[in-house]
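What follows is subunit A paired twice: with subunit B in the first complex and subunit C in the second.
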Partner chain A sequence: MAPKLQLAIYWAAACGGCDVAILDTDEKILNIAEAADIVLWPIAMDFKYEDIYKMEPGSIDVCLFNGAIRTSEQEELAKALRARSKFMIAFGACAAWGGIPSLANLTNREGIFNTVYKETATTINEEDIRPDTNYPGPEGELHLPRIYDRVWSLDQVVDVDYYVPGCPPTPETIWTAILAIVTGNLPPKGTVIGGTKSLCDTCEREKTEKKITQFKRPFEIIADPKKCLLEQGLVCCGPVTRDGCGHRCTNNNMPCRGCYGPSEKVSDQGAKLLNAIASIMDVKDEKSAQELAATWEDPAGTVYRFSLAKSLIYDYKKGGE
Partner chain B sequence: MSDHKIGVYVCHCGSNINGVVNCAKVTEEIGKIGEVVVAKDYKYMCSDPGQEMIKNDIKEKGLDRVVIAACSPRMHEPTFRRALEGAGLNGYLLEMANIREHVSWVTKDKEEATKKALSLVKGAVKRVKLHEPIEEREVPVTNTTLVLGGGISGIQAALQVAEAGHKVYLIEQKQYIGGNMAKFDKTFPTLDCAACILTPKMVDVGQSPNIELYTSSEVIKVDGYVGNFTVTVREKPRYINHDKCTGCGDCASACIMKNRIPHEFDEGLSKRSAAYIPFPQAVPLKAVIDDGNCLFLTRKKCTLACVKACGAKAINFNQHETIHEFKVGSIILATGFDLFDAKRAPQYGYGRYANVINGLQFERMTNASGPTSGHITLADGTEPKSVAVIHCVGSRDENYNKYCSRVCCMSSVKFAHLVKDHCDAEVYEFYIDMRTFGKGYEEFYNRVQEEGVHFVRGKGAEVAQIDGRLVVIAEDTLLGQYREIPVDMVILNTALEPRVDAEKVAQTLGISRSGDGFFMESHIKLDPVTTTTDGIYLAGCCQSPKDIPDSVAQGSAAAAQSLAIIATGKVKISPISASIDSEQCAGCRICIGLCTYRAIKLNEETLRAEINEAVCKGCGTCAAGCPSGAIRVSHFNDDQLLAQIEGVLA
Partner chain C sequence: MSDNFEPKILGILCNWCSYAGADLAGTSRLKYPANIRIVKVMCSGRVEPTLILKAFQEGADGVLISGCHPGDCHYVDGNIKTLRRTPLVARLLTQIGIEPERFKQVWVSASEGEKFGKIVEQMVEDIKKVGPYQKKMGDQLDVVMHEVAASAKEAAAAEEKGGSNCGS
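So, the complex of A and B:
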């Protein structure tokens, strides 16, 4: 019998949904357990930092790393795991493109701290106490990880071999990825395990010429299930997003949220979508453009919902941490 | 990564660039980049020795990419492309960094300028590595021309093309050709009778074997590209059989609606029938039945007196609109102007006071074949004793049009002369500045000044009626006084405006309009006749207000453009165009509505977008709008642009 796959699962700036998604493979989790020894999975089993540092370089076959990088601890662990793993996989939208946590890049550490520790209506913090990296406790000085000024995707911190997209990845996508690793049937480095076309391409809704006369939010209308959602005023990320998710949102009459990341030829998902939507707004002058744009709630959060860390703008704004 | 041999040439442009940018330093710094094997600066790169230098380096040092830091590529990119091609290198393996318009001309700070120039050159070096050799394409042309608009400039263009022996389709929206000029009485500065000089040309159009004239017609669709347009034209019915109608006018005399409908040709100063001849010299000289006013066509209730009166049996109420399709190599747009509606400036009382008229109405009044047989009369039929001419109504006015309409000063002076000539009334001209440029114009102005016309320097602010008399209120800026001048008649010389359907025409033809609404030329100074769409040319007032000589000149120029295409027999098409990766195209159709040139269509079978590369101008709008990144513009693809940005920011 071939030696079992040494599998590590780690989470950084994440919600835990990716870990749950692995369990969501239902009975296949047993096949995973059969094929692999899980050497690290903090959400499910107890591990200490030392357990990782004791591992030899290359002793982990595959590391499924979910979550974005926004603290010194997460960066350190990402580097430690990278050094010990044959394959580093950015698992889920946060690890791949920064995900929802990277919307924090619309502001910075100071802005976030101001909101959380000062400005919200329910906050009472008269001494203006902020998180600190050092605390002189009675048992000696304690250290906490430092929060960075911006959020990074995993590949902005360490070398990544494959990407498993999704928020969270669907069981089918996870299984495809695991099967590829177990069978050794590996795609070229850098491959995103998903479709090769855009979601819009494989969407079966009826498309006509696009014109947006008013932006709608999903709760405001019951969309026609046969027609293109974008044409009904719902901002659907389908045109710029990779397929392979099984159209779970659009099949349920909800616009695509973009969690499978940019499609094959798209480098900046949000910029592309913003451009496309601006192109089909039915306006005749600047004034009507502004009026129509005002009916769109949170454009930046919509187009960059899962990929702000990989926005070109931030790539050229390097500096700081 | 392959290794390139890049030559970088930094042009001093005399002191234009070198006076601000330290060209030697830029050259020295850029020479340190690994793949840059030649870095030189020179006084004038565009000169023969400059170009020779590049050619020699390509041959001797085996350069495979060239960067030239100089002026705008709009100026000399073709020059340097030819230089590369002269040395056997594809012209598109060149990149220009604009360090003149973008650097030395916009700052005096030498240090910053040198830094920026270096950044731009670095961007160009990074970008040029990703350039691919591309070839210009040639397509054959159809040797016919379509002229849209039968005013003086359209007539001029059509006649010139026809005289050269080529077929012209002349399309006119009205029922006759001649345009606004046909309504004029005299023309400045020579006081030639407008009809006397225009009618022969109109007749020539009617008789030319090479001109097919379509009146009451409009273009509804344009497909194709330079050399190969397909134009669809809708011809409205006149309810008259052209072959039978002799233009006798018996139908007009018999029509029950006789003298009941304001006559457009006389600017409403006379009344016509529902069946009528537009004007005595009309080409074609055929009757027309106005379907908006004909009782039979609107209500099916009429004694049909016209049918009984027509000896030629030419009236046919069963006519329908006809759709024509023409294959043409080029299109000349000569759609003219609309006159500013003086009712939009209510302070002048137009439409409220009977004796406030506009310039075109005055032209009709003084015209011997016009509604008053050439007599200048007030509404009550008497002659005025004093007349005011107000310039710039709707022109040079922040509230309406900012531009100068160019012809009004001269036509106002002409009006003054005609008043003096016809009835010897006192004439007051209210002007902001007197603009009498042009051959013989200033002389004409001097002549009219000597005729005793009162020139008041100050814009006519208001026309009021006080005690039953018109009073023009103005500030006389020369006297520094507020003035109220009572007059019998006021002529408002109104602005020339883009035609009301200009936007529709622009969309149908896929051309642009400038901020003032007139059709946009390729270059306001050096290319005022061509549009940004190859094969579509502009003539006359549809491009900007102009007088008759300029309209005629532009008509001839447009004809020359069209003949040039025919003479070469083929046209070169820029190789910079967009293409679609059908694997990545989702068929979302976002791009289709974006393309100004209508180069993109959806293939109904594959449900993928397709680009007609011959029509594509390579503007890149579709590539920017394409959400799946399926569209790629050659020579401006994402990789090249990102490399350039990276280089600039490095």
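So, the complex of A and C:
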């Protein structure tokens, strides 16, 4: 029997949903356990950081890294795991494109701290105490990770081999990825394990001429389950989003939120979606364009819900040009 | 900000009206700031937001888009697509922290050389007020903080034992 795959699973700025998604592979989790030794999985088993530092370079075959990078601790762990892993996989939307945490880039550390430690109605913090990285405790000085001014995707911090998209990745996607690794049938570096078309391309809803006369939010209407959601005024990320998710949202009458990231030929998911939406706005003069645009509650948060860290505006390597 | 900041503005002008308008400003020997670099496209309607973001990513301080007046489009309704897009782009840019002064969309016809010069003049003036575009590298502040922390640590290093691996 071939030696077992050494598998590490780590989380950074994430909600834990990606880890749960691995368990969601149901009975296939047993096959995973059969094919792989899990050498690190903080959410499920007890590990210490020193265990990682003791590992030799290349001793981890595959690292499934979920979550974005927003603290010095996460960056350090990402680098430590990269140095010890043969394959680094950005697992889930946060690691791949910043995900929901990267919406924090719409503001900065100062803005976030102000909200959390000062401005929210339920906060009482008269001395204006903020998190500090050093604390002189009785047992000596204690250190906490430093929070960065912006959120980074994994590939802006370390080299990434493959991307597994989704919030969270569907069990099918995860299984495809694991199967590819176990069988050694690997796609070219940088491949996103998912569909190759856009979600719209494979969507079976009825599509006619698209026109938006008013932007609506999902809670405001009960959408017609047969008709294209865009035509009903809901902002659906389908035109620019990669398929492969099994149309879970649109099948349940909810517009696509874009968690499988930009489709193959799209570089900036949000800008491209904004463009697509603008082209179907049913207006012909500047005044009505202004008025219609104003009915869209949160353009940036909608078009970049999962990919703000990889928007061209933010797409730099950390610490580099 | 130093007084000699000269903003770099990327002008994306349509072939049929605005580029000819800018050309007229040149052939009429009008004086207007040299801060604008002009790219000619066939229609302002093809300037998708990705290109605008790309300009800022590459370090432009401002982006000016100009097309034919509504109704005068060489392709009948190309500029209608522009006018639908503009309010959305403007809102997106504001949300992601790019000052409104840095993005402008105007209509300039082939006979409006003078108007074009004035628009550029005004835009340069406005951008000078907000200063150079700061790329969102996110580490300027971090680097400063880091240096401050490091120097404070150095000062206290004499009696300090080694800290943990994380958080410094």
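By definition in this document, the second predicted complex is superposed on the first by the 315 of 321 C-alpha atoms of A that agree within 3 Å, B and C clash if a C-alpha of one lies under 4 Å from a C-alpha of the other, contacts with A are read in each partner's own complex, and residues count from 1 in each chain.
One rule holds for everything that comes next: a residue touches a chain if its C-beta (ideal position, glycine included) is under 8 Å from a C-beta of that chain, and two chains touch if they have at least 3 such contacts.
Everything numeric here is computed off the predicted structure, so don't read it as measured data.
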Judging by the criteria at the top, classify the pair subunit B and subunit C on subunit A as clash or fit.
clash
For A:V303, select first, second, both or neither according to whether it touches subunit B, subunit C, the two together, or no partner.
second
Of the two partner chains, subunit B (first) and subunit C (second), which one does A:P145 touch, if any: first, second, both, or neither?
second
As a test of reading the superposition: which chain, subunit B or subunit C, is in touch with more residues of subunit A?
C
After the superposition on A, what does A:N105 contact: first (subunit B), second (subunit C), both or neither?
second
Once the structures are superposed on A, label A:K211 by its partner contacts, choosing first (subunit B), second (subunit C), both or neither.
first
Touching A:V283 in the superposition: subunit B (first), subunit C (second), both, neither?
second
With the two structures laid over each other on chain A, which partner does A:S267 touch: subunit B (first), subunit C (second), both, or neither?
both
Using the superposition on chain A described above, determine whether A:E76 touches subunit B (first), subunit C (second), both, or neither.
second
Have a look at where A:A44 lands relative to subunit B and subunit C in the superposition and call it first, second, both or neither.
neither
Scan A:K197 for contacts with subunit B and subunit C and give back first, second, both or neither.
first
Subunit B: which of 146-154, 362-370, 506-514 or 542-550 bumps into subunit C?
506-514
Subunit A residues contacted in one complex by subunit B, in the other by subunit C
267, 272, 275, 279, 312, 316
Seen from subunit C, its contact residues with subunit A in the complex are 48-50, 52-54, 56-57, 70, 80-81, 83-89, 91-92, 95-98, 135-142, 145-146, 149, 160-161, 163-168
Report the residues of subunit A in contact with subunit C in the complex, numbered from low to high.
49, 53, 72-73, 76-77, 105-106, 108-109, 133-134, 140-141, 143-146, 148-150, 152, 267-268, 270-272, 274-275, 277-279, 281, 283-286, 289-290, 293-294, 296, 298-301, 303, 308, 311-316, 318-319
Subunit A residues touching subunit B in their complex are 196-198, 200-201, 203, 207-211, 228, 230, 238-240, 263-267, 272-273, 275-276, 279-280, 312, 316
Residues of subunit B touching subunit A in the complex
581, 583-590, 592-594, 621, 624-630, 638, 642, 645, 649
